[in-house]
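For reference, the structures are reproduced in the following blocks.
Note that chain A is present in both complexes that follow, paired respectively with chain B and with chain C.
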Partner chain A sequence: MKFDIMRDRLLAGLNDVMKAVSSKTTIPILTGIKIDVTHEGLHLTGSDADITIQTFIPVEENGEQLINVSATGSIVLQARMFNEIVRKLPTNDVEIEVSAGFATNIRSGKSEFHLIGLDASEYPLLPEVAADRQFSMPADLLKSVIRETVFAVATSESRPVLTGVNWKILDNELICVATDSHRLARRKIQLEQLPAEINSVVIPGKSLNELNKILEDTTDLVQIALTNYHVLFKTDDVLFFSRLLEGNYPDTSRLIPEEYKTNVTINGKALLQAIDRASLLAREDRNNVVRFETLENNTVEISSNSPEIGKVEEQISVENLEGEALKISFSAKYMMEALRAIDGQDVIIQFTGTMRPFILRSIHDDAILQLILPVRTY
Partner chain B sequence: MAGRVIVHIDMNCFYASVEQVFDPSLKGKPIAIAGNPKERRGIIITCSYEARAFGVKTTMTVHEAKKLCPQLFILPPNFERYRHASKQFFQLLREYTELVEPVSIDESYIDISDLCTNRHAMEIVKEIQQRIYSELLLPCSLGVAPNKFLAKTASDMKKPMGITVLRKRDIAEKLWPLPVIAMHGVGKKTANKLATIGITTIEQLAKVEEHKIRQLLGINGERLKARANGQDNRQVDPDSIYDTKSVGNSTTLPRDETDYKALQMIMKQLSAKVAERLKAKRLAGTTVTIYIRDADWHNQTRSKSVKNAIANETEIFEIAWALFMKHWDESPVRLLGVTVSNVTDQQHVTQQLGLFDLEEQIKDEPIVELMQQLERKFGKGAVKRGLTAPVQGKYQANTSFSKDFLDDFDVIQRKSPPL
Partner chain C sequence: MAHNMNELETLQPVVIKQIQTIYEKNRMVHAYIFDGEKGSGKKAVMQFFVKLLLCENVSNNVPCETCRNCLRVDSGNHPNIRQIEPDGQFIKVDQVRELISEMTMTAVEKGRKIYVLHHADKLNVASANTLLKFLEEPDGDVIAILLTEQIQSMLPTIRSRCQHIKFSQIPRQVIMQQLVEQGITQSMAATVSMVANEIETALFLAKADLFAHARKTVLKLIEAVRKNVHEAMLIVHEEWLPSFKEKSEMEQALDLLLFAYRDIVALKANMESACTYPDMLQTFKEIALHTTYEQLSNQMQAILQARQQLQRNMNRTLLMEQLMLNLQEGYTFV
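Our next item is the complex of A and B:
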């Protein structure tokens, strides 16, 4: 194997695959990155067994030659080391050559590294993904779907399936749900040509967070393919595989109230800032509690009180207030995260009582729905 | 804070003295309070002066003690009696001033500055000592000084039935010649550290350069230096003892245990004790810690924090047992302990409701709603939920370090907070 490549292109590719490499892996070869060189181009693969990322750098792009392949072949190099070396090479031209055995030479300018590589045939194969259960959506939409749901996944492993986001397809709609059992985020998207035979999968929250970092904010389509055990996100030059979480995701649809007793329409940004201020006096070890109380004349009061710190009260006027008077306590953190997901515009908050879940959504539709369980105070 | 008069009162051989009051035939005899040797708790908790004359000391094993003094009377501890006597002791002190700060079951600071405008301090402390002796039949030693540190140091100087006055001007003569280890607040470890910079007497500590001591012991070093110079500006705070930070129980097992059923049983009992004590104090906490000591005296501490503060036995046990199962390496267990910390008053407890167990969590919703309606109609505080009388637990104070003995005063002194 021998090829020359532009350093910045190699670095960009490495940057993506490094996101899948973990130092804590139990499979030694996964501490490395696999490099495959063909006459079409260069594949880089990184994996931690749960997430596998492969990027492709073509030999030629828009008439510009990126790689000069002298001999094809494959090698696995220590990920962290290789990445650092490439980052610090003196010139933009890099030559990589595997000579006898797995000894690898990396040359750039007058610098020359000799690295001991590993046998590429030992590296696990990519999961096989059939092309039939596929659909696609623009990268920017996928990114916002992730952003609007993934923050609500559980961080504790006490119910592993809740550490993922549930995706299911129902009547031409993709429904994404995340919950840590204290709050829930749901996003519905109308998509064309959704495969009908997919019922429900659970994608690890961590995978979606990494995917979000790799995807660019463009309207380019991302192909999404599902199997029973894996999901593949595919762009022009990146393949992103993630293992799915096993176990049945709880049915959450019946947990969302259908009738409400108090409806508040409020500017999301104003509320977010008021909650943020009130949370300064809320204590983490008491669930970050802030209080929300409806007053007369289209006004609500946000307050927080910690006996040993102090208290804060703030009144904000709302667009509309109808139904029963209400006093409710909830976690400032959950509220702020929900408001950020709905993103600033006017929101409707619908309550069914002091101890019942309440929902937030945009005034326009319920494409994004956030549900929060209140905090009980005694 | 000019011219305070602080008194430290230390009951002499408290448990032994109480036993001698209870059974006058034990008076003048060498007696010791100790746990059951068959359950490996055979350590002398305290002993009478008559026993001390034979060289019997606290923390000796019963076996060692019997060797020194074959006629030694060994009594099992009876905490009910000690609690009762302790209660009378503090009540008597409170007749003089509100500024009574209990330190442990048999020890207290009082601030009598305000009383000294009319009467001489010595007259008052003599009377206190006499009354404790005549009314409770218990001996005690008193230290009289301008601050807590000197008062505590003074009460230690003459035992039993001593009264020692320690003024600032006495320090050079009475305190400085002593080795640092004799100083309250300096233990073996600190003494060893001080020895590394050549400090062996309190005088050397008092005169050490600020930066040297700070480097060696940090802020605590500066504090010790100040104390060695007779400076201590802590006030007598009657409430300090109520600031419970954690509630824990531990037990040494009768034998090194490997049977997981037996260990589970013990963990359950410990959780029940902790729950009961939390209840008595109306507290709940968010962190559960377990202690495991194995047969080789290796100690392990593991803890877990939860979102909603807990106080009941089942919840404490569930977490404690899960921690134990996760970290126990199956080596024989000598001691087990369970502690709940990060505690707050139950009235400040909040409960983050959950999507999947909501129905269980809000079973009482109709009552709460009714109360809210009534409040709206008749004003805030018109109705209150069943004000629970403070619970008297049967598991209380079982070492002199535990502060549970104060819960009785707690009930008398503090009005039940509204729920």
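Our next item is the complex of A and C:
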């Protein structure tokens, strides 16, 4: 294997795949980056077993020659070392040559490195993805979907399947649900050309967070392919694979109440700030609980009381208040996270009683829905 | 660790046959315990089993050793296999949590996922209990292999959830004979063959000065214990404690002590052939005459207890003093 490449392009590619390489892997080969050279171009692959990132650098782009391939082949090189070396090479032309026994020479200008490589056949195989199970959505939409759901995944391992976000396709709608069994976040997206044969997958929250970091906030389409074992997100030149979580995701549709007894329409920002203030006192107490009470004349009261520190009360006027009077307590943290996820101005909060879960959604539709379980305080 | 098929079959014929039958009839369960002494080839058999499970072209229930998967099992690069070694003294609960979160994800490559716990007896109570639920009902196609030298110190709840594969010991007579052939004295060969179940380790020990010294100290202590507690205390302070500074040395010395009492019990039951210390036959017979089975059992219990407490980092001096008093107990009514 032998090729010449522009250093800045190689570095840009390495930057992407390095995000997947973890220093504390137990599988020795995964400390490396796999380099595949074909006559079409160069593939770089990095992985920590959970996620795998692959980038592609074409031989030619916009009439400009990026890579000059003399001989094709594959090699695995120590990721950290290779990245550092490429970063510090003196000129913009890099020549990489692999001779017998995985010995690799990296030449640039007058500097020459000899690296000991690893056998590329030891590297994990990437899953094959069928073309008919793909759909696509714009990158910025995908990013907001992630932002609106992934915060609600469980952090404890007692039920591993809850550490992921459930993606389900139902009647031309993609439904993303995350819950930690105290609160739930659901996002529905209308998409075209959704594959019919996939019913439900659970994508690890950690992988989605990583993906969110890599995606750029553009309207470029991201191809998404789901298989029984993997999910693939594909942008122009970056492929992002993630493993899925095994096990059945609990049926969450029944958790969402059908009828509501109290409906409150309120300015989301005002409520968020009021709860933030109230939680200043509540936070000191272990459970971070605030109280919410409906009053006369379209006002509600947010209060918090911790006996050793003091108490806070604040009244907010609401747009609309109908139904039964209500006193309810809930976690300030969950409420704030839910309000932040619903970005809009006005939100509707719908209650079915002091001891029943309540939901938050934007006034326009129920594309974003947040459900929170109240806390018993007496 | 490169064992070929023939070596494995001579080392553990029954186990290999058992594993091949499991594979052939496709009767895999989700968890196995490989239980056998040090040197009984557990790791080699584990590798054989893992290769059998992952190999792309198995013929005659033997993995091919040349396909991608076999090669990667050997080099430790197969992404579907996760191996856990004790981190220090124990397999810690964080290691188990990480393992579970790793194993609840779908396999990296096609095929089943396998996890191996080395020294599974070193799971502490918290980790064992964390593992339990996952061990019993893993999500997906997961196989657990637990290797241990001391199955009795594993939680019964763990044991009951695994299929137990017992590795046979290499017969002691065989090792003794080989040692004698190498020029080791009969009595030394008898002792080391009890400690090590493998010819190389046994030979190394038999030639080591430290081990000879340990053996001598232990025998001296036994005689002293018989006489009176003051003498025993003196030996503990002057010889035992200075000689056995490391925990592993102390462990070995306590084992040697235990074997001595085992000898005495054996002699009381008239089984002369199985002695650990043939050179002490006379003394031991005398001790055997003067003690009851119950006393001996109490004494052995005391040594086992001391050994456990050593694991928990009890103060060595106090530990030995307590042991001496407990051993003495056996003689109070004589």
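Here, the second predicted complex is superposed on the first by the 362 of 378 C-alpha atoms of A that agree within 3 Å, B and C clash if a C-alpha of one lies under 4 Å from a C-alpha of the other, contacts with A are read in each partner's own complex, and residues count from 1 in each chain.
Methods note: a residue touches a chain if its C-beta (ideal position, glycine included) is under 8 Å from a C-beta of that chain, and two chains touch if they have at least 3 such contacts.
These numbers were taken from a predicted model, which means no experiment stands behind them.
Applying the stated clash criterion after superposition on chain A shows that chain B and chain C collide. In the superposition on chain A, contact of A:209 is made with neither chain B nor chain C. Once chain A of one complex is fitted onto chain A of the other, the partner contacts of A:229 are limited to chain C, with no touch recorded for chain B. Of the two partner chains, neither chain B nor chain C is touched by A:78.
In the superposed pair of complexes, A:247 makes contact with chain C only, with no contact to chain B. Of the two partner chains placed by the overlay, only chain B lies in contact with A:329; chain C stays clear of it. When the two structures are aligned on the shared chain, A:30 is found in touch with chain C, with no touch to chain B.
When the shared chain is aligned, no partner comes close enough to touch A:92: not chain B, not chain C. Applying the stated contact rule after C-alpha superposition, one finds that A:160 touches chain C and leaves chain B untouched.
Only one of the stretches 127-135, 235-243 or 325-333 belonging to chain B overlaps chain C in the superposed arrangement, and that stretch is 325-333.
Listing the residues of chain A that touch chain C in their complex gives 26-30, 49-50, 121-125, 127, 157, 160-161, 163, 204, 228-230, 243-247. The residues of chain B lying in touch with chain A in their complex are 286, 307-309, 342, 344, 346-356, 358, 361-362, 365, 368-369, 372, 376, 419.
Remark: chain A residues 179, 181-182, 184, 250, 252, 255, 285-287, 289, 307, 325, 327, 329, 331, 353-357, 371, 373-378 touch chain B in the complex. Within the complex formed with chain A, the residues of chain C that make contact are 68, 71-72, 75-79, 82-83, 97, 100-102, 104-110, 139-140.
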